[in-house]
């Protein structure tokens, strides 16, 4: 396996078939959004007895895999996750894998999946993984900041709507004793206000103080570590924006790991990296995990670097 | 996670961003070849002390993941693996995921990766997986049988050339006491005959009786189970074409698993499946694992169904 | 205009915008079908008083433009025209413009249009062209001979159905004195047999002896001129397959004209051409104009070279 | 030809080939730039004795064809032409032909070509068109205003560099008596300043007062006609920005012509148009022909509407 000399040794007469591969570069100057979705996760969550309406272990495992992806790929500057999906924003000027679509989609989906399976036991110590889960991935390009803000607003609005429904639904079932059919019927035609009312009046649940993670999803944002802090900080920061944050910073990407991302096909990236290393210029970054509103402008004003080159 | 009601509930004003997604259907009437390659597997094999020149456990794990993919996707009718790569042929008329490129590439890469990590302990009981490995995937389309035969011939010719080089190289190093630099120098400019000669005269190795798996790679071929055999057969067949085969057949895809591949996006497939199920017509198939020549015509003559619709 | 030194002299800081252009190569090993359609030709035919149901002048002008395209592009080996549309088949192995889609589509559409306008006065000596007509073009790829045969059968079946309808419709209007509304009503729900019956019993028209051009469309097929004929033949052959053909052969593409198709972008083609010229091997070909059935196999058996490389 | 009932009547068994056509929508939210280039215009200009270094008749014919394109397609809001090429900018939100790439490229190239041939006699009353010229077309997408400004700056910088070279070259040949080989040699290694110096000192030519059309190319910009002017204005405005402009306005697109662009495939456009017509809201626009600098910001500040939706 992986002999030192695998590729490019054969010049057989069959090699012409290689030319059938078509180029698939992603348009320059656009933001690349990569989104993953769990494949048949309805069944997967049943088989592994996920807690309803939200299974914190499962969400944290998703977050872990997302963070691992961002650690491996410095060009991912923002991520948003909810349920069994995660979206990643690559910085506009990225030349990751020369912006080749299939290469990016497949590699990122693979590494996320790999991390999900690899770290499963850490989040589900008492639940054995019964079969290998999978995800699908896709890329959508957006030309401007406007669409990027709206993309992430779209996903977070989706989180809100789904979570409010699910929270009310499962309260009706688990606490209210309704069957799932009855619960659906109860909710038919209701608007947000109605669901809040049901939760509060029937079950004493104030939806607005439910864990922000469930209501807002998970946001990872990459920020530069100011040089003056570099010596002292070493952990990841998780900020619960509506409570008091407990800071953790983590230094990004140990050098010896970065070596491993070297790939003969990412010449642009590689050469750039090397140049930058020489100059010692690539800024160290940290990843913050947030559970806060990203629909309003505050978030984007607070992190202006996300939408820069 | 994965509330019962996730999708399509939100009709927010942000939803317009969804329209930016572009269609990526793969041309009809062509053969789809999907190939996976290990990402940075040189380092991965070092970190996990893979045996040189071939690590049987690693190859068998690759085979296991490939077989799992074929069990999940009945439209994959042929596969060929060597080293850290695997190629899969979908039947020409497949409508898997409506032939959407990113969906197929990402899902197949994900499931393969997931199986690789999931089944690692079975093949490496004494070697803990140190970090999550990943693969990249790509799709190449071919219009006719000619290119398909030549594609697989190309990969197997590659297997031969690489394995002969690596076998000789590691013999020089491990048994001949050369440094890797010296071994490369020894091999510079040699042709196949020279390497065979080195192996035989210096190390008493007859290359032609080395395990077929190493020399020929792994081939999975899907064949229909004749109805009269259906009651008795239950295992996978591994045929070592140059020795006596030990038959193992395996009934393909348990019905309850097939349910799980249902996906709202694969309408064509789903409806077809349902129709077929109704008629009870979808033939049961088995997967054979072979290590034999697929460059010459014999193979294709023996398995004519591969290149049919 | 067209100074001798136009391109590639400027290395301004704006040149980066050039990199946004995306590659669009057409898959190798497939047949390229290029189809043109008149843009708003309903109005165009009204404004220029085209004869109903068929205007021979207009059809012959279409044929002329199609032939001019084939004379300029030796890789077009077959064409089929009806009404305001024309389809062209490029030989499977063509490397015209390196198989770049937009380049092929735009250049071929342009040259056809140009010929249509340029040669208008020859076919409409008494009708001035009132405004510039236009066409749209598209490319569809087909993997095998089967689809190519069926593509052309599809177009010719379309010719038949439309022409039978139109012929009957205009007989009802022009000879039967019906209004167009009445004629449509008369034809509603009728099948071919009914229309043939109407034509024959009411108007004494035997549909089967109407000009083959109207019933079968126009086919241009490129064939090699056997070397022994090369000295004597010089004109185009128009074969009316159902009557006696009047032979006309035309020597294809004078050498000095071929020079002018040289294009810096078609390196493959150019270099090939040069090689071939050296060897003096590129066969001279002629274009035959036919109006015959191409749905049945006879046609393809008679011209087997069309579907070769 | 163009019977009233051409399409969609045939439901033959061959119709499946239609499904092989692939979608090619252009990404939403991006600016579409469409550029035409003369095909083999070096030879074309020789064969028709174009004046060197610039043939005003030929340039004006190009302008005429460009203007005709803009009159037919209201979504083209800016154009820039030089030599045998022309670039067109479609407004960002255009849904012309549902943004289908091949449809746009082919139709626009066709209509431009058609106009070029159709109007030839008006600009070359004494020179018969010897053969039908052709153009190729391509589309490049740009995400933001920045790239659009730079694209047009790139083309105009190209105009300057080429025209200065050609002007000096032909002065050396036509007035200086050099052979073309000598003239090239004279210019080898010269920069702009050197060429200006040669022109002035040897030939008394002040490059800066050469016709702006030659130095700056041709710009067509579409602007809205303020409602209060609508009654009185009827012509096109040609502004020579460096001299006094002589105003000519032209009312855009007569309604009855717009009907003719109706196309069953441009549903979005059509329906929009109809809606707009109902509201009587689509503003009348005029086309101005300019020969001025568009590299500096002044131009874009003067015409801010170009880069709006």
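Chains here go by letter, A, B, C and D, matching the order in which they are written, and residues are numbered from 1 within each.
Assume a contact is a pair of C-beta atoms (placed from the backbone, for glycine too) under 8 Å apart; a residue touches a chain by one contact, two chains touch by 3 or more.
Note that this is a predicted model, so its numbers are computed, not measured.
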Comparison of C-D and A-C by number of C-beta pairs in contact, larger one: C-D
Same or different contact residues where chain C meets its copy chain B, judged by the half mark: same
Chain centre separation in whole Å, for chain D relative to chain C (CA means): 28
Chain B and chain C: spacing of chain centres that average the CA atoms, whole Å: 45
Approximate Å spacing (C-alpha centroids) for the pair chain A, chain C: 52
Two or more partner chains touched - positions in chain B: 20, 22, 27, 29, 141-142, 147
Touch-based graph of the chains, sorted into line, ring, star, complete or other: complete
Complex interface listing, chain A residues touching chain C: 19-20, 22-23, 25, 27-29
Residues of chain A that touch chain D when the two form their complex: 27, 29-30, 141-144, 147
Of all residues in chain C, those that touch chain D in their complex: 1-6, 9-10, 12, 14-18, 20-22, 38-45, 50, 52-55, 58-59, 62, 68, 83-84, 101-103, 105-107, 109-119, 129, 131-142, 147, 150-151, 153-154, 157-158, 161-163, 165-166, 169, 180, 260-263
